[in-house]
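One chain, chain A, appears in both complexes that follow, with chain B as partner in the first and chain C in the second.
The block that comes next holds the complex of A and B.
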C-alpha cells in the first residue's frame, strides 16, 4: 500500500476513473445506437471536441491560479470573424499569417482581461463577465451583422478539417484534432516541467503564501490570461475552418462547455490542482455525451439536464473523493515517518 | 564582545494601521552570529516589525540598513535577494504542492526546466541536514504544523540567508522538537547567520538568546545582552508592571465522573485510549507533536469519530458521530489550528464569538441582536484583554495572540460542561497566559471537566490534576500530580522505559 501511495497520486486515480467512465459510456451508447462503433462517430466526436479542448487548455491555466475566464466564447467568436474577414478580402494571405493574426488578436483580448484582473484588482468573474459582453458587443458593431461565407474563403482553409495526419485502420486522425492533442500535451509538459507551470499551482494553492514567498503573482496571472486569449484565438481559427459560415453570434455559449470540460476533468475550481490530461478526458467525456445524445435524438431539455447532472456529479465527487484520498495519503505519510523515526531510534 | 559590524540595522521605524500605532520609532541592530530575541505582549508590534524587514509592509518612517548601506525593501523577493528570510507565525505553505516544491518554489536559477529528480534529491539533502525525516514527495496538505514549520525552515535555509527571522517558531512544537530546532539555530549562528527570534516562552529565550529586545505598545522599552536580563525584569518590561510568572491549579476535583473512555481507537491513528474525567478535574494530555493527542480530541468531538471503544458521558453510553451532537451533549473543542477551524477571518470579533450560539442572539423574527452580541463580546474582550479598539473589528487584523483569545472566547461562550482545549496558550503572551490559566482554574471550580492538550510541559504539569501521556497513538500511562514531573512525562513521551529514582 505504501508503495502504491508513493507511485500514484490522488489526481491520477481521478483521471483513471474518468477514463473508466468514458469506456462505460461508450459501451452504453454502443448498445443503444446502431452502427455506433464507426469512423463517422469518431470523426464527429473528435471534431466537436477539438475546439473546446484547445480553448480549455487556456482556461485551465487561468483556473489553476484561482481565477476564471468567462469571455473565451466572445474571444473565439471575434477572432474567427476577424480572421475570416481578412482571408476573404485578400486571397493571397498565407496560412501562417492567418493563424498568427487570430492568435495575436486573441492574445490582445486576453491581455486586457489579464491587466484588469491582475493589476486592476477587480475579481476575475466580474471582469470577464464584463468582457464577455463587451467583446461580443464590439464584434456586432464591427461586423454590422454581415456573415462570412464559405464561398469567400480560400480552398486551403475550407479543406483543412479534412486534412488527415495518418490513419489507424478505418479511423483517420485529422490534422486539427492532432494539433489539439499536441497542444494539450505541450501544456501538460509546461505545467509539469517549467517553473512557470509550478508557480501557477502555487498561486492558486495559496495566494497569501505566494505573495510572501516573493513570487511575481501578478505577472504570472497576467500571462495566464494572455495565453488563454491566444489559445482562444487559435480556437477561433479552427472554428472558422470547421464551420465556414461565421456570423457575429459565432461560438456564443462556448464558454459553458469549456468550463464544463475543465471542471469535469477534475481541475479544482478554487485553483491549485488539476491537469491538462484530466481536462482533456473531461472534454472528451462531454463531447461523447453531446454527440451521442444528439444521435439518440434526445430533446434539447434532457440533453442539457444530463450535462448539468454530470457537472454536479463531477464537482461533488471531486470534493468527496479527493478529500478522502488525500486524507488517506497524508496518513500514510505520517505513518511512514513514524516508522522511520522508530527505525532511526533503534540504530 | 561584538567587534563585528552589524548586518542589519533598523533605525527609527514607525508604522500606523488606521487607529493603531503598531510601531513607534523602533530601532534594532542584528549582528552576524548572534541570536537576538524580540519580546512583547500580543499586539506589541513584533510581527509588524518583521513584516517591515521582509517588505510585506512599508514603514511610514525610518530606515533599514544592510551592511551599513540604506536599502529599500518593497517586496519579499527583494528581501530574499538581500539574504533576509523569514518564517512567519502562521505557516505559509502551498497545500497543493509537495514538500520539495514548497522548499524550492521561489528559487531562481535552478534552470529553465524543472529537474524533479534533482529537486527531490536536494530537498532530502536539506531536510537531512536538519535531521528530520519527511517524505519530500508527499503533499504539504496533510502535514502537521510542526512538519509544515520544518518545511519553512528548510525553505529559508535553501536560500543564501544572512538574516533569519523566526516569528514564534516554537509555538506549535513540543519539547523534543524545540531541542532539535535549537540545535539547528546554534549551528546557523556558528555559521555566522544573524537570527531574530520571537517567542512567548521565556525559558526558551534564556536558553537560546544572546541579546534581548523588548517592545511594548509599539515602543522600544529595552535592549540588552541576555546577561543583564532576568525573568522578572523581562516580564516587567513587557507587561509594564510586576506579575507572578506562574500559576498552580487549585484542588477542585469532585467524586462524580463526567466522562469515561474505554479502549477508544481509530484504526491507523490511535488505539487503546482509556481514561476518566471527573467533574472539576483537569486531565492533561502530554506527548510529542503528532503523538495522536489531537486525534483523540477530534474523535471525542465527533469530527473524525472513533471506530472502536466505549464512551460513557454522564453515566450514559454514547457514540459521538458529529460535532453538532457533541455540542448538544455539552462538549466544546477549542482547536489548535485557528486559521483552519477556529475563526472566520473576514468577520468581526463579535460575530465570531457568538457564531456557535447564534440562536441565543436572535429576535423572534430571526434577526441578529447586534447590541446583545456586542455586549457579550465586550465582556470577553475585557476579560482576556483582547487588544482591539472595539469588537466590531475584523479578526484578520488582530495580532496572532489576540486571534487565539477570540477563539477561546467563542467556545467558552457555548457554556460547555466538558471542555477540550488543544494548545490553548499557543502564541499567547505571559499576562494573557496567566489569565487563561486563571480561567481554567475557575471553570474547574465551577465543576467543568477539562481535557488540556498542551506541548508546553510546565503548563501541563502546573494545570493538570492528572497527566495522560501518549506516544505514536498509544497511551503510555496516566500520572497523578505527584508522579508527574518533567522527567517522568518526557521519558514516557519518548517511549523509553520509565526509570524510577534517578536524580
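The block that comes next holds the complex of A and C.
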C-alpha cells in the first residue's frame, strides 16, 4: 500500500479511472453497434472532439485560477464569422493571416473579459454571463443575419479538415486533430514546467495566499483569460473550416460542452487542481458518447440529458471520492513519517 | 465629503436605482406617446412576467450565497411536460399538478446535491440545467404543442381581472410575501446570516442545510409555475421554451444590489431593478431596437451593476488613503513633530 501511494497520486487515480470508463464504454458500444471498430468511427470522434479540445485548453487555465469563462461559445462564433467574412471577401488572404486574425480577435475579446475580472474585481461568472450576451448581440448586429456560405470560402480552407498528417494502418490522423492534440500537450508542459503554469495552481488553491506570497495575481489571471480568448479564436477558425456554413448563431451553447469536458476531466471547478490530459480524456469521453449515441440510432434528443447526468456524476464523485483519497494519502504519509522517526530514535 | 449620517442614504444603491429609473422613464415618455397608457404598463410586466416572478426567489438564493442556473431549464421542462401530457389526452388540470410536482422534484434534486452532498451550486445547477433541458427535448423533440383549453390560456392573457393578468397579481402578492419573509421574519434573517458566513451560522445553531434545501425546493416549484405561465401566455410549447432566461433573471437580482457572494442586498432594490430593466427593454422596443441589442444592453448592465460599486468603493479607499497622511497632531502643535493618523 505504501508503495502504491508513493507511485501515484489521487489525481492520477482519477485520470486512470476515466481511461477505464472510456475503455468500458468503447467495449460496450463495440458490442452494440456493428462495424464499430473502424477508421470511420475514429475519424468522426476525432473531428467532433477537436474544437472542444482546443477551446477547453483555455477554459482549463481559467478554471484553474478559480474563475470561469462562459463566453467561449460567443467568442468562437464571433471569430468564426469574422474570419469567414474576411476570407470570403478577399480571396488572396494567406492561411497564416486568417489564423492570425482569428486568434488575435479572440485574444482581444478575452482581454476584455480578463480586464473586467482581474482589474474590475467583478466575479467571473457575472462578467462572462454578461459578455456571453454582449458578444453574441454584437455578432448578430455585425452580421445582419447573413450567413457565410461554403461556396464563398477558398478551397484550401474547405479542404483543410481532410488534410492528413500521417496514417497508422487505416487510421488517418487528421492535421487539425493532430494540432489540437499538440496544443493539449504543449499546455500540459506549460502547466508542469513553466513558473506561469505553477502560479495558476497557486492562485486557484488559495488566492489570498498567492497574493500575500507576492504573486502578480491580476496579471496571471488576465493572461489566462487572454489565452482562453486566443484559443477560442483558434477554435473559431477550426469551426469555420469544419462546418463551412457559419451564421450568426454559430457555436451557440458550445460553452456547456466545453465546461462539461473540463469538469468531467477532473479539473476542480473551484480551481487549484486538474490537468490538460484529464481534460482531454473528458473531452474524448463526451465525444465518444455523442457520436456513438448517434450511431446507435438512439434519438439525438437524449444526448443532452445523458451529458448533464455525466457532468453531475463527475462533480459528485470528485467531491465525495477525491477528498477521501487525499485524506488516505496524507494519513499514509504521516504514518510513514512516524515510523521513520521511531526508527531513528531506536538507533 | 459626505460625512454627515443624514446624507448617507443618498449613496445607497437603492437611491441610485431610483434615479436611474426616473431617468429611463423620462426618456421613454420623451420618446413615445404610447408609453403612458394602461395597455403599455400591463404589457411591460406581462412580456417578462415569468422572469420577474423568478427573480424574487433567485434573490433569496443569491443572498444565501448560492446560485441557481437551472431555473430556465426547469421552466422549459415543466412547460414541455404539461404540453406532452396534454397532448396525450390527460386532462389539463391533472397535467398542471404533475408539472408542478415534477418541478418541485427538480428543485429537491438540486437542493439535495448542494445542501446535503455539499457540492458547489454553480457546478450542480449548470449540469442539471443541461439535464433538465435534455429531458424537455426528449419529451417534445422538435414538435410544438398548442390548443390548450380556454381556462388555461386565460391565465396567461391580460384582462382577467380588470386590465391585470393572473401573472401580475401573482407577482404583486408574491412580492409582498417575499418582502415580509426576507426582511421581517427569522427565516429571512437566517438566509442573510448563512450567506454572510456559513460556518458561523452552523455553529450558532441555524439549520443551514434545511434552509438551503427549502430555498431550492421553492425555486423548483416557482420555476415550474412560471413555466406553466409561459405556456399559457404563448399558447404553445416548444422544447426551447424559456431558453437563456437565466441571464435576465440573474441580472435583475444583481442590479438590485445583491452581492453574488451572498449576505447583502434587499428586496426593495431588486424590485427597483426589475422596474429599471423592464422599462429599459420597453423603451428600446418602442425605439425599434432588436431583441439582440436589448440582450446586449442587459448584459452590459449586469457587468456595470457590479463594476460601479467596486469603483465607488475603490475611490472611497483612495480618498481615505489621501487623508491618511502626515499631519501634525493638535496637541503637538508647538513641537515640530507630527504623527500618522487616520482622518475621517
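The definition used in the following text is that the second predicted complex is superposed on the first by the 345 of 347 C-alpha atoms of A that agree within 3 Å, B and C clash if a C-alpha of one lies under 4 Å from a C-alpha of the other, contacts with A are read in each partner's own complex, and residues count from 1 in each chain.
Here, a residue touches a chain if its C-beta (ideal position, glycine included) is under 8 Å from a C-beta of that chain, and two chains touch if they have at least 3 such contacts.
In this text, all values refer to a predicted model and were calculated from it rather than measured experimentally.
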item: Clash or fit (per the criteria above) of chain B with chain C on chain A; value: clash
item: Chain B versus chain C as contact partner of A:163, first or second or both or neither; value: neither
item: Which superposed partner A:91 touches (first chain B, second chain C, both, neither); value: neither
item: Partner chain(s) touched by A:192 [first = chain B, second = chain C, both, neither]; value: first
item: First, second, both or neither for A:213, with chain B first and chain C second; value: first
item: First, second, both or neither for A:138, with chain B first and chain C second; value: second
item: Clash-bearing segment of chain B, relative to chain C, as chosen among 165-173, 345-353, 399-407 or 417-425; value: 345-353
item: Chain A positions touched by chain B in one structure and by chain C in the second; value: none
item: Residues of chain A touching chain C in the complex; value: 68, 116, 120-123, 125-127, 129-134, 136-138, 140-141, 256, 259-260, 263, 269-270, 299, 301-309, 311-312, 315-316, 319-320
item: Residues of chain A touching chain B in the complex; value: 6, 9, 192-195, 197-199, 201-202, 204-206, 208-216, 272-273, 326-327, 329-331, 333-338, 340-342, 344-345
item: Residues on chain C engaged by chain A in the complex (per definition of touch); value: 67, 113, 117-120, 122-124, 126-135, 137-138, 141, 239, 247, 250-251, 254, 260-261, 290, 292-293, 295-296, 298-300, 302-303, 306-307, 310
item: Chain B residues within the chain A interface of the complex; value: 54, 56, 75-80, 88, 92-97, 101, 105-106, 110, 112-114, 116, 133-135, 137-139, 141-144, 147, 155, 268-269, 290, 472, 495
